[in-house]
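In the two complexes below, subunit A is the common chain; its partner is subunit B in one and subunit C in the other.
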Partner chain A sequence: MPTPSFDAIVVGGGHNGLAAAALLGQAGRRVLLLEASDTVGGAARTVALAPGFRVPEIAHLANRLHPDIVRKLDLERHGLAFAATNLSTTSLSAEGRPLTLAGAFGERLEGDIADSERAAWAALRGKLLRFAGVLAPFLAQVPPRLKNGGVADMMTLGKLGLGIRRLGRDDMREFLRMVLMNIADVLDEEVGDDRLRAAVAFDAVLGTSLGPRSPNSLMTLFYRLAGQANGVQAATAQPRGGMGAIVAALSAAAKAAGVTIRTDAAVASILVEDDRAAGVVLASGEEIRAPVVASAMNPAVTLLSLVGARHLDTGLVRRLSHVRSKGTVAKLNLALDGPPPFAGLGPEGLAGRLLTAPSLQAIETAFDAAKYGRFSDQPALEITVPSATDPALAPAGQHVVSINAIYAPFRLKPDSEAGRDGFEARILAVLERHAPGIGNRIVGKDFLTPADIERRHRIPGGHWHHGELSIDQMFMLRPVLGLAQYATPVAGLYLCGAGSHPGGGVSGAPALNAVSRILADGKAAGGKSRR
Partner chain B sequence: MRRALPREHFEKPLWHTPFHPRIAALMTHEQWYGWGGYLSPQVIRDEEMEYFAIRNAASLFDVSPMVKYRIAGPDAAAYCDRLTVRDVFKLKPGRVQYTAWCDDDGKVLDDGTLFRLAPDEFRLCCQERHLPWLLDSAIGYDVEIAEVTEEIAALSLQGPTSYAVLRDAGFAGIETLKPFDIRSFDTAAGAVTVSRTGFTGDLGYELFVPPAQALDLWDLLWNAGQLHNITAIGFAALDLARLEAGFIMAGSDFVPAEHAIRADRRRSPYEIGLGWLVALDKPRHFNGKRALAAEKAKNAFRHCLVALDIDGNVPAEHALVYHRGKREVGHITAAAWSPTVKRNIALASMTRPYGDTVVNDLWVEIYALRELVYSKSLVRARIVERPFFNPKRRSATPPGVF
Partner chain C sequence: MTPPPSTAGKVWDAIVVGAGHNGLVNACYLARAGLDVLVVERNDWVGGAATSRSLYPGFLYSNCSYVCSLLRPEIMRDLELPKHGLQVVPYEGGVILKQDGGYLGTFRDHDAHRREIGRHSLRDAEAYDRYSAEVIRQCRFIRPFLLRTPPDPTSLKPRDVQELLYLGRKFYDLTETEMADTVRFWTMSIAEFLDEFFETDVVKAGFCISGIIGTALGPLSPGTAYVLLHHYMGDVDGAIGAWGFARGGMGAISESLASSFRASGGTVRTGASVDKVLVENGRAAGVVLDGGEEIRGRLVVSNLDVKRTFLKLLEEPQLPADFVRKVKNFKIRGSSGKVNIALDSLPDFPALPPSAPFLRGDMHFTDSVERMEGAYDDWKAGRWSADPFLDMMIPTTIDPTMAPPGKHFMSCFVQYCPPKVEGHDWTDAERDGFAKTVVDQIAEYSPNFRDLILHMEVRTPREIERETGLTEGNIFQGELTFDQLLFNRPVPGYAQYRAPIGGLYMCGSATHPGGGVMGAPGRNAAAEVLRDLKKPAKDMSDAYPVL
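Our next item is the complex of A and B:
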């Protein structure tokens, strides 16, 4: 058998693939990273939109980049810096009464709002952040094994229990009462202002197949609030140079760690020999061998398409084929020949997040359409103007606008397929209502529905998280029972993408956990090459 | 045309098999039971006469309720090989494999027979229904799966004179059919697929026809069998014969993994005496292989299945097995006085190491109801080889004429 020239192959060059490759390279492995498209970065990349305009193709905010990734890979030395942290969120109002949640998760409310609401919000915000803080470690570490677990597994569980206990008696009861609630019920109990309720509910459901009244929609908010930016919990940030700066820093770190990066190298299959991963075969037919293969691609794609069901047990195949992964977020990127004409917004507001959701009920109504396979009539939008933070993204005086629009269901009713253009038009109509005249300034655009995201990025269902974030697909059940430890039944094959715990968002946490598993397995087998 | 909506379903909760008219005509005791949703005879006239027909003449048992799946397509062999624990690439067209299949944890879902009817066509016969499992197992394979239980009528013709019955019924060339062979025969009842298989451990055959030919086949065998003492039998007689043959039954000797509510009731093939089927050496993956290889490597089997010869003549049904008369180490899953080997036989599920390395000083506690009073006796049991009864005529080719 010829000696493999690589110790490990990482499949997929999104941020998790890059992070995994860089971490493995740092640990002394000779690593090859394979990316199917012509650039790395996946859903976190920044792309050209029109001559002189660059825009974050899909992910447009940093709110959960794992501090260990930044530290271990020394991303700051590799060029990562934040242009703006603690971005504000402004709930736009067609009646000219915008409400701004300034600081991390509305530390301060700016706008015309009753004092009683301010007090109620301060109490609720504090509670939600405390509770999310308890879950935060659990949402970062390797999920514990309940069967055949070791000391570390018990510690993880114990620490969660201890964290809940440490909340004190009243808060602990409140935490346990609330943890499986939906965000609408939580808000019904605590706050009344429609703009505020809409802003919080939007954050809970964005990127999921949930409406505010869907079960568990508080858990997805906790997931979001457990993140941090630049050391501040629940904060949102813009890297200098846009989201692409994270990918650029990760690439630089990977290269510095000796990782070989190949783009335009789609993996057609993963080689399995004697029940072990032995390398990959590219779409070109080229065979590359390595004793460790780490896939940042979707778990179901990795195992069912690249490995193949015949190397797996039926029960596992059944679970993988049942993973719910249907995206709901469409992305509209615009190049403007002037500033976006949002009324009454100062430069700081423009640099933050802008939401257009008149009320929680409006989001629920928008979700109803998605539930029945149609695009929402009145989409709710999360708008950022990346060029407001980083002018280099557009020619002087001009701007790029990046919009997440919900709901755009992946699975459409047959007669709704044609609704794609209509949905885009409705997004633009909503935009026009809040920024009159913006339509006339568009000089370039890119519109992506979940189906487009699936096609372009090989993400099943175009789902941000490579699998719905819901209790039955989280923690020890992510991506499915039996795969939560990042290892697969095929020895030497690991999962290191967002489909694994904790999930999506530009965090690098799945890669971090997967690499710790790979290195621990390597140590257990004695010697790094494990031949 | 619209079919009438069902309304009289409650009057016949069990279906009739294609052979029902003949069996019903012979039935004197009305001892029926439900088998897989079909009305099946427990005893037709006399349990003992039916049993002795299996061992001394020819018995005819309706196995139409046996669950049957058709597996066909270019990947059929690869599919069956991944599904089951044996090496299906060693199964030639025209041959039958006794086999078992497991879940991811290597626990037995069922045992059954796999017929390779053609290079790309198989028939899986078993006790339990498995369509969802079979369909999910087909993900990634170019194969079609269908349950064909209703489309195939089946008879089991078993006993020393079964060969003579078929010969006289015009099954030309039947004498060359070896154990586990399948072949199609042109007969007065049309084309009949015959396999030399059965559940009695005796010389015997199983015959398969479309339901429309069922009664013709029955009549053909019945008429040809008169001189050979052909007897229609119920399940009671078969159950005794299968115990003598040492065959296990899903639901009796093991709990199919999908039915087990208690996780510790599931059994790996090694734990129910089917370890010999498990082809860990086949160079391809199959369901449960990793779990089974680990179990074997660690010698981690928690149970074993043994054959017991028990003192006395009182059947030890449902009895507990003790070591040194004190420690409970297993339980009897099937037991009977064997009229043929004249021994008090049983199958028992034991907790290792009992039955495996600790094999002496085993006792069985038998409760026998004697005129409304239980008499309890603790009697010796000795582990013996399975099967209890294995006549040469079972595998002789050409078969003898008795």
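Our next item is the complex of A and C:
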């Protein structure tokens, strides 16, 4: 058998695939990265929308790029810069009384709101950030085995326990009480202002199949608040050049680490010989061999499609086929021939996130429709205007608008394109209400439902996180029991995508943890002797 | 109403406020330990929400709780309830009638039920074996905790640490897969959980039922898988998950408890509504009745829910501010109503085979998870469900003592039913509208049902609260979500049955392990009282080992 010319193959050129390849390259491995489409970046790409207009295709804000990734890969040197940091969030209100949460997660409230509300919010915000902070260290941790684990696993669990204890008695009690609560009840206990409640609830449920009143919806908010942007916890930022800038920096880092990147190279299957990964076979039939294969693709796709159930035990197959992964977010990207006419918003307002949810109840109602396979009549929108902070994204005086809309069920009942257009119309109607005349300025648009996202990016269900972020699919249960440590039953095959702990969002954390596992296994097997 | 015993100036060892089943269980154990115990009850009868009432000539109504399974066998035997007249008759199953005219029978016997599921889907029939094995495993895991006082995870007291270790060891005794399944069970929605086993809508709907009964959650709400467990962890004569009727109605449970209590020297005083708990230099010293009569006791145990106990029987200044805030935030959500009906004879259900045993069990008309969730959406909007979920029983098919020969008592538990209608209090017209919704649903499947109705008692949360005192008419004295379970129930730091006021204890369903006619809160609270008095608990057995 010829010695493989690569030590490792990374399948999938999304941000996690790029990060994994770069980190492996830095560790001295000869790495080949394979991407099915013609450009790398996956769901973090910035794409052309119309001549002169460029827009983040799906992910449109940096709020959790892991600091270790930035540092280890020296992404600043590779061109990562932020056009704006600490973006504000403005909860638009139909009565024209917008409330702005300025700074990271509403550090300051700007707008007419009672002092009692300000005080209550400051207290709640502090508590939520503290609790999320307890969980933050585990983003960059290989989840421990629940049992039969080693000392390291015990220590990870111990650290978690200690972190909770360190909160002090009262906070610890609150943490243990609140951890599985729903965001609506949490807010009911503390704050009353509809705009504020809507803004916080929106952040809790965006990207999940939960409504504000669904238990566990506080945990998804913790996940968001555990992230950081540019060194500030729970902040959001806009990279210069759009999210694509992160991808560009990552691929630059990968190339610098000697990684070979091949686009238009879709992987058809993963070679398995004597229960070991031996390489991959491309759609073209070309066979490429390597002792290590790391897949940034969805875990179910990787193991059930690329490897094949015959190499796995039935229990694992069943668990994998039950991973819940139905997206709920639609993306609408617009090119405008002028500034978006949002009533009563200055330039600094446009630079931040705009939310259109009038109340927490409105989000809950929007969610109810999705439960039955209908899209929301009154979708809640998260609107950004990337060109407001980065003029290079659009011709002078013109703008691109990037919109996340919830809830868009993966499967509509009845399944019809009309439904798809209907939802787009609903989104534009909501938009028109807050920005009268915006419709007439549209010179280009791109609309993606979860179904479109699945088609374009091979993400099952078009789910941001490659699998619902619910407690039964988190930490040591992500993607499923037995795969949470990034290794698979097929020796040499690893998972390094968002489907693994900690989950989705442009963080690179899954890649970070997966590579540490790969390198540890390498050492155990005699390290570089493989080369 | 029993005349007040001539006990002026007497100081009781313990006064139990409320003669619900937990109050009585608590009183029984205290009396058996040699305490001189008085139980004061507002109504003229005992039992709280476990009563049999004669509301129509010749009929006995189990007009609140209506079936029995959760009552701990340890308690039944400790307190010799069978000797005092308690007889629980298991029922064998029930049925779900489908909108398309079909039905899914349910059978207590595993193989029979498996065959019935097979009529709808062979795949589901196979999955049923996996499913029940997993559920039973979870029940076995949880049952030992029911009769233990939850530890305070923030405390370093030896006892708390020891209890935490016990919890941890029990968990660590599981295999890794079982651990994972346990975590999933405590956090998933029942619908998602069932999706991993079953494909047929009506089969899923059947198993969803136990996931929603008594809660203000829908089958798609995470956390409902645990609620299912809460309904499965009981047993009848050792048959885990079995349910039965108490002969003579649910009141028979309370009557046997009261009888056992009196037999060990206890005193019950009905028709005595407590207005305030008497607090003297920081300690509970007795109670004051409506009308000002003072009854003194060395300690007071409250069977009432936490909002009643602390916001009505006490003054805010008497309690820590943070505690009061947490009690106000305690989630007690009325989500169900009850319609009790006296029937002239057994109604026909043409969809069912003539000789079928189904009328002797629980009957339902909700054949899909979606319809169940839809019923919940109405509740969220502050309306009673237009297409409600019914848990319907005709106990007289098994226990003829509850109605005249040939006639029948029908109990309909109805979800969802909000504590207020779109924000305002229930009007009688709305109550009748609610009843009509229920009767109409039944009549869809039983053409002669309407004509058989002799009498009907309709209870929205308003009526339930009025009679039983349960805030919002919530049958569990508080939601069964994790933020209100174990060491969080009712309030973190106060989960060991002691109130912030010395000599005052809680023994209602608002405490661990929660609602249902279980008796465990009353029993556990008694254990804590006796621990404080340094008295040995007599006749109190630990949780029986689960085979």
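In the analysis below, the second predicted complex is superposed on the first by the 525 of 531 C-alpha atoms of A that agree within 3 Å, B and C clash if a C-alpha of one lies under 4 Å from a C-alpha of the other, contacts with A are read in each partner's own complex, and residues count from 1 in each chain.
The definition used in the following text is that a contact is a pair of C-beta atoms (placed from the backbone, for glycine too) under 8 Å apart; a residue touches a chain by one contact, two chains touch by 3 or more.
The structure displayed is predicted, hence computed values, not measured ones.
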Inset, instruction - Using the superposition on chain A described above, determine whether A:E287 touches subunit B (first), subunit C (second), both, or neither. - result: neither
Legend entry - Dominant contact partner of subunit A by residue count, subunit C or subunit B: C
Legend entry - Contacts of A:R310 with subunit B and subunit C, given as first, second, both or neither: first
Inset, instruction - Once the structures are superposed on A, label A:E76 by its partner contacts, choosing first (subunit B), second (subunit C), both or neither. - result: neither
Inset, instruction - Answer with first, second, both or neither: which of subunit B and subunit C does A:L146 touch in the superposed model? - result: second
Legend entry - First (subunit B), second (subunit C), both or neither touched by A:D377: neither
Inset, instruction - Pick one for A:D112: touches subunit B only (first), subunit C only (second), both, or neither. - result: neither
Inset, instruction - Could you say whether A:D368 touches subunit B, subunit C, both of them, or neither, answering first, second, both or neither? - result: second
Legend entry - Touching both subunit B and subunit C, residues of subunit A: 315, 318
Inset, instruction - Provide the residue numbers of subunit B that touch subunit A in the complex, in ascending order. - result: 78, 82-83, 103-104, 133, 136-137, 139-141, 284-285, 287-288, 290
Legend entry - subunit C partner contacts - residues on subunit A that touch it in the complex: 145-148, 165, 169, 172-174, 176-181, 185, 189, 210, 213-216, 315, 318, 322, 324, 364, 368, 371-372, 470-472, 476-477, 481
Inset, instruction - Quick one: which bits of subunit C touch subunit A in the complex? Just the residue numbers, please. - result: 153-154, 172, 174-177, 179-180, 183-184, 187-188, 192, 195-196, 217, 220-223, 329, 331, 370, 373-374, 377, 380, 481-483, 487-488, 492-493
Legend entry - Residues on subunit A engaged by subunit B in the complex (per definition of touch): 275, 304, 308-318, 321, 482, 489
